[in-house]
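Listed next: structures, encoded as structure tokens.
Two complexes follow with chain A in common, the first pairing it with chain B and the second with chain C.
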Partner chain A sequence: MLDLAHIPAFANLRSMGDGRGVIARERRGIAVATVMARKGQSAALAAAVKEQFDINLPLGPHGSGSDAMSFLGTGPGRWLVTHDAGTPRFVDSLAQQLDSLASVVEQSDGVGLLRLSGPALLEVLAKGVAIDLSATAFPAGSVAVTQIAHMGVTLWKVDEAPTIHIAVARSMAGSFLHWLEASAAVAGLVVDS
Partner chain B sequence: MSISRRLASGGLIDRSKPINFTFDGKTYGGYAGDTLASALLANDTMLVGRSFKYHRPRGIFSAGPEEPNALVTLRTGARGEPNTKATTVELFDGLVASSQNCWPSPNFDLRAVHQLAGPLLNAGFYYKTFMWPAAFWEKFYEPAIRRSAGLGALSGLDDPDTYERSHAFCDLLVIGAGPAGLAAALAAGRAGARVIVAEEDFVLGGRLLSDSAQIDGVSAASWAALAEAELGTLPNVRILKRTAVFGVYDGEYGAIERVSDHLSVPPPFAPRQRLWKIVAQQCVLAAGAQERPLVFPGNDRPGIMLASALRTYANRFGVTPGQRIAIFTTSDDGWRSAFELQKAGAEIAVVVDARTEVAPDVRKLAGNAPQFLGAHVSDTSGYRRLTNITITDSAGQTRSVAVDTLGVSGGWSPSIGIATHLGGKGSWSEEKSAFLCNDLPPGMQLAGAAAAQWTLTQALENGALAGAKAASHVGLGLQAQKPILAGDEASGNNPVWLFKGSRRKAFVDLQNDVTATDVALAAQEGFRSVEQLKRYTTLGMATDQGKTSNVNGLAILAGEIKKTIAETGATRARPPYVPVAIGAFAGLHSGKHFKPTRLTASHAASAAAGATFVEAGQWMRAQWFNAPGENDWLQSVTREVKAVRSSVGICDVSTLGKIALCGSDVGTFLDRVYINTFSTLPVGKVRYGVMLREDGFVMDDGTTGRLSADHYVMTTTTVNAGKVMQHLEYCHQVLWPELDVQMVSVTEQWAQYAVAGPKSRALLQALLGGACDVSNEAFPYLACAEFHVGNIPLRLFRVSFSGELAYEIAAPAGYGEALFNALMQAGKALGVTPYGTEALSVMRIEKGHVAGSELNGQTVARDLGLGRMMSVKKDYIGRTMAAREALIDPDRPTLVGLRPVDRSQRLRNGALLFARGMTPAPDNNAGFITSTAFSPGNNHWIGLGLLACGLERHGEIIRAWDPVRSGDLELEVVDPVFVDAEGARLRA
Partner chain C sequence: MRIPCPYCGSRDASEFSYSGDATLTRPAPDNADAMFDYVYLRDNPVGVHREYWYHDAGCHAWLTVTRNVSTHEVIDAVLAHDEAAS
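Let's turn to the complex of A and B:
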């Protein structure tokens, strides 16, 4: 039978510079889906998400859930869902669970996911992100669909450590790493495996 | 042997940290805390360059960013940076600088002969002299002028350093950290506001570093250090040193931070400079003021400096620039400079004040130095250094005084440049003798000397008030501020704009060598507005942007045209306020990082297979694959085409846009965006579609497959992927929000490969085994399916761009490389060949398929032979406009196939088409060639073109004229489909 090897988006993530200013880890094996509410089904969808996953469906640029499963609000009636349990065909089952309430589209391979933390994180991200990521303007739980160095990214602030999850288009992983290395090396970029 | 002008003690330099540096090849010593200028002056080196036009010897004039004279080239080789102001360069060990605009040296400059031509080089010289003959301009005059013009020279080497951008957000941006700025930052910072303090200098304090005043019982410099220390303890305050704010934009400020300019080489991974975009709710502009020079004959000699600069060199750097110093002033502040210089240990030879009345308290500041009131300096002498000044007293008597330094003080001009960036304009205040800005950008306040609050007490109070006000604007309560106690000083001024005397030149703009006579000449010749004056004389147009010359220049103009300064007005400052390197704007985006690069999943495997890549938007696509022994692209492409046509080939088509469309109304939605019908498309089928722009022209084409009842996947061309997505979002969100349609791009999710050729089915059968039945019966032309192999979802589409039996197979991108390798492995026995975009293009031209060259925004569906697809049973975007008279004109150019009558000839894209025997002239033009290729199947070049009445002209011989490449040949018009016209192969 056809047996294909999977290559993660950020296979080339590497440490650079001295220090531990930014700590990066690729979130591998995460199922990702775009969930879009069907017409007129937003309330029913929120109820179903609450019932089936015990997650309050966010109605703005916020995230709900945990590392295991989260709904990130990325637009009106639109969420990026991540699931960390490594369940095969998770997105297919999610589509069935939300059938007729939402359209669910597989994106697990469309994005590369990084978990970023470290004392210099916000200073480094400011070199690419044109929005205010401080605790006052972008508290933990906030989500932003924005861009870094002309590349579309989705950011989710997990906590005020700070820890930020970031999703980048897979084809741009190389260009994104160039930006990250160039911006973070001065403070030290460390890959946390 | 040079003399040390360093004072025995004092100054804010660190005498425990000596520094060696080199200027014009000679090694000197300085201290940490010095600028290049202060260190040169400490080494008695005043003369540092030659003037722009006349190559006159020029010395250090100021102690700050307004410097017009002391421009040097910093560093050497690739790191060489011309036109750097020595007065702002922070001294570092091993610094190497050299003078500019002189050869061989500033002491002896051969081009000083320009001075002899001085009378000819007055305002408008170029315009008047190089008028005739006109033909000489481009070939002779302009090159000659360019050779002798310009300051400094670039190395011509790649910049070895990096630049970066950053963003910052705050409640209050304080521009300038002098007394007003520090007071503002303290007030707002203590109230809890997020504050950013941007200071161009490498030490905070501004004038506090140059004055000996006492604040709250400590020295001014100590108070600045204490303020900085307190700000450092506030987590809501950020201090950006070496950072100049250069522009105000809507709610945003641009600033340039010189991160590593004070080091010989940036530390590892550190940029040389950082460009900041600062978003600030409020702003306090506390940029201070600049002292105005005085305009009098011979006022440009080395040794003539701003009086306040002398005081800065003495108090901040512990340097007295001369042995015998004279002060020439129209302001009380000139007397204060005399006082500070004497206090620091310098000898004041004389104080000359143009005013007849000066308060006794002020006169006391000069101590025992001789004083002349109602007098002025009417002449000077000394070539490479000032030796004498001539004083004309109130009775008209003249006397000569031997001095080597003259401090001039004509009052102060508030630094309001950036306050006018959003359209405000300075207005003249007679009371303050200065331009003030009342029309400020939203959220901006002026404080301190920038608001013409001249005295130290005023600056501190005014700054604290502005800071508190800014904090209250962002909702933070006003905290009671303890008053800052400082002495007050006299600040009277009565400006005199031009002093007469000898016939020597009286310079207004030192950097561009504009004299008072030039200003008068401009007025005499009718250039009577400040804007005209500026352009005619180049006043204020040098790299210093006229910081020391603009006000004097326009005041002299006002006198010439008998108007007040208020009536004459000022030119408006534009960003950037300080020069900013283009590299800083580019940041990391230089070279191949100019834009992001998108790589497909097969990139590495393709490269290993010999691919040459081509940019397609941001994507890199394999253009062709070099086989061993091939050294010509056409050779490789021809081999690839032959392999596909005879066996099987693989091409990465992942870059095509892929859009998932979901919901119960997708069929209706597609009917409205495509010219043909999609609501009838069965599950498991694919259909080719064309969409129009609202104006009726073709926008894009592609296939859409129906994977399940309410899940479709649309493909777009690579280049139009973003545009089509945007168009569909617009259609749904704005035009038909009532439809149950959801859409998202899945271009990134799927790696997709075309498997084309008569043996493509055999390859897929070998690859997939029983996972999917790909027989013609189970999976006919235009079928599609989604299935799993293990847990990996795969998609298969039976579509063909080449005209052969062909499929496209897709896997999640993470499996893309493995799938490419598996396809190559499964096809090994069949002779599988990877092919690139060139072979793809050859085959689509052979098949008569339109692509980007034909979908050029000027063609309608009928032009492309797709008119019959336009449904008459439904409405769709572009339908009405496509019916416009000109767009249904039967004479419009339509798609035809073209082949050379002489089969050995090559066709060229863009060649113009004419009827046989017609003269190539615009009126006779009948179209052009859109696409060409060497067709291996036909063994000659073929082409597609748009030809007037093309459908009726099959068989006609026409003329293709290619003036760009000297081509002129005869072509035969044929059907655009060159292979398998009946489509038997793709349905096989």
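Let's turn to the complex of A and C:
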């Protein structure tokens, strides 16, 4: 009998170099879904999200909500939803709650999530991100879909500490870790468990 | 070259795929002569041109970009979806 083991996307995350320039923690056990508004249903979708979750659906590249549940704007009429409140079968119930207003696709096993912080974080991310992540150009709450070393990433600035959440396709998690370790080693990469 | 995506903001051209002339309309498939012209007889303009770009490393939106193909100056970029709806 074959046993299936749950292996987190960033199970191989480890500390590198000296110092505490970048502090990384994998966000585990989080339900993730993509939500796309159906044609002509954007206003009804925004009203439903407000009513059911008390979240203002962002119309641009911004995040709304909290660590417990957030809607991140990733494109016109498209959002990445994360849910960390432990509701069983959350994505199924989300699909039912938004039935006929949006297409909801389960992504929980499809993306790896990291929480990054530390004094050298922006300096290290600048080695791979071709957009300005400073407080003026990318204030807390901003979301960017872009790429790092040709790998697609979704970045969300949580606060100006700065703390940045990053979502990477699970199949790219190993390559992304390689990039992060190589880029952060000079400043020190610490795993915060 | 940078393209000002209406959703994402200013991004490097490497995030986009070029998708051709935005001034043409695809003819009816049964009009063979018009289809031949549409597929093969393309102009090669200098100066200001309108073209489709797809933001495949960003928001996945189709843009209509007005660009000077001689100088690479990007004059305007709008969501192709919005333009089609207006």
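The rule we apply is simple: the second predicted complex is superposed on the first by the 189 of 193 C-alpha atoms of A that agree within 3 Å, B and C clash if a C-alpha of one lies under 4 Å from a C-alpha of the other, contacts with A are read in each partner's own complex, and residues count from 1 in each chain.
By definition in this document, a contact is a pair of C-beta atoms (placed from the backbone, for glycine too) under 8 Å apart; a residue touches a chain by one contact, two chains touch by 3 or more.
Computed from a predicted model, the values in this text were never measured in an experiment.
Of the two partner chains, chain C is the only one that A:Ala144 touches; chain B does not reach it. Using the contact criterion defined above for the overlaid structures, shared-chain residue A:Ala130 touches chain B and also reaches chain C. By the touch criterion stated above, A:Gly60 is placed in contact with chain C alone, chain B being left untouched.
In the superposition on chain A, no contact is made by A:Lys157 with either chain B or chain C. In the superposition on chain A, contact of A:Ala182 is made with chain B only, not with chain C. Between chain B and chain C, the partner in contact with more residues of chain A is B. With both structures placed on the common chain, the touch criterion links A:His165 to neither chain B nor chain C.
Of the two partner chains placed around the shared chain by superposition, neither chain B nor chain C is touched by A:Arg27. Annotation: chain A residues 78, 130-131 touch chain B in one complex and chain C in the other. Touching chain A in their complex are the following residues of chain B: 162, 164-169, 194, 267-271, 277, 279, 588-589, 593, 595-601, 618-619, 660, 662-665, 710-711, 738-744, 746-750, 767-769, 771, 788-793, 811-819, 822. Those residues of chain C that touch chain A in the complex are listed here as 7-9, 11-12, 14-15, 57-61, 79, 81. Residues 1-9, 16-18, 34, 36-40, 77-78, 88-89, 102-103, 105-111, 123, 126-132, 134, 136-137, 149-151, 169-172, 174-176, 178-179, 182-183, 185-186 of chain A touch chain B in their complex.
Residues of chain A touching chain C in their complex: 60-61, 74-76, 78, 130-131, 144-147, 152.
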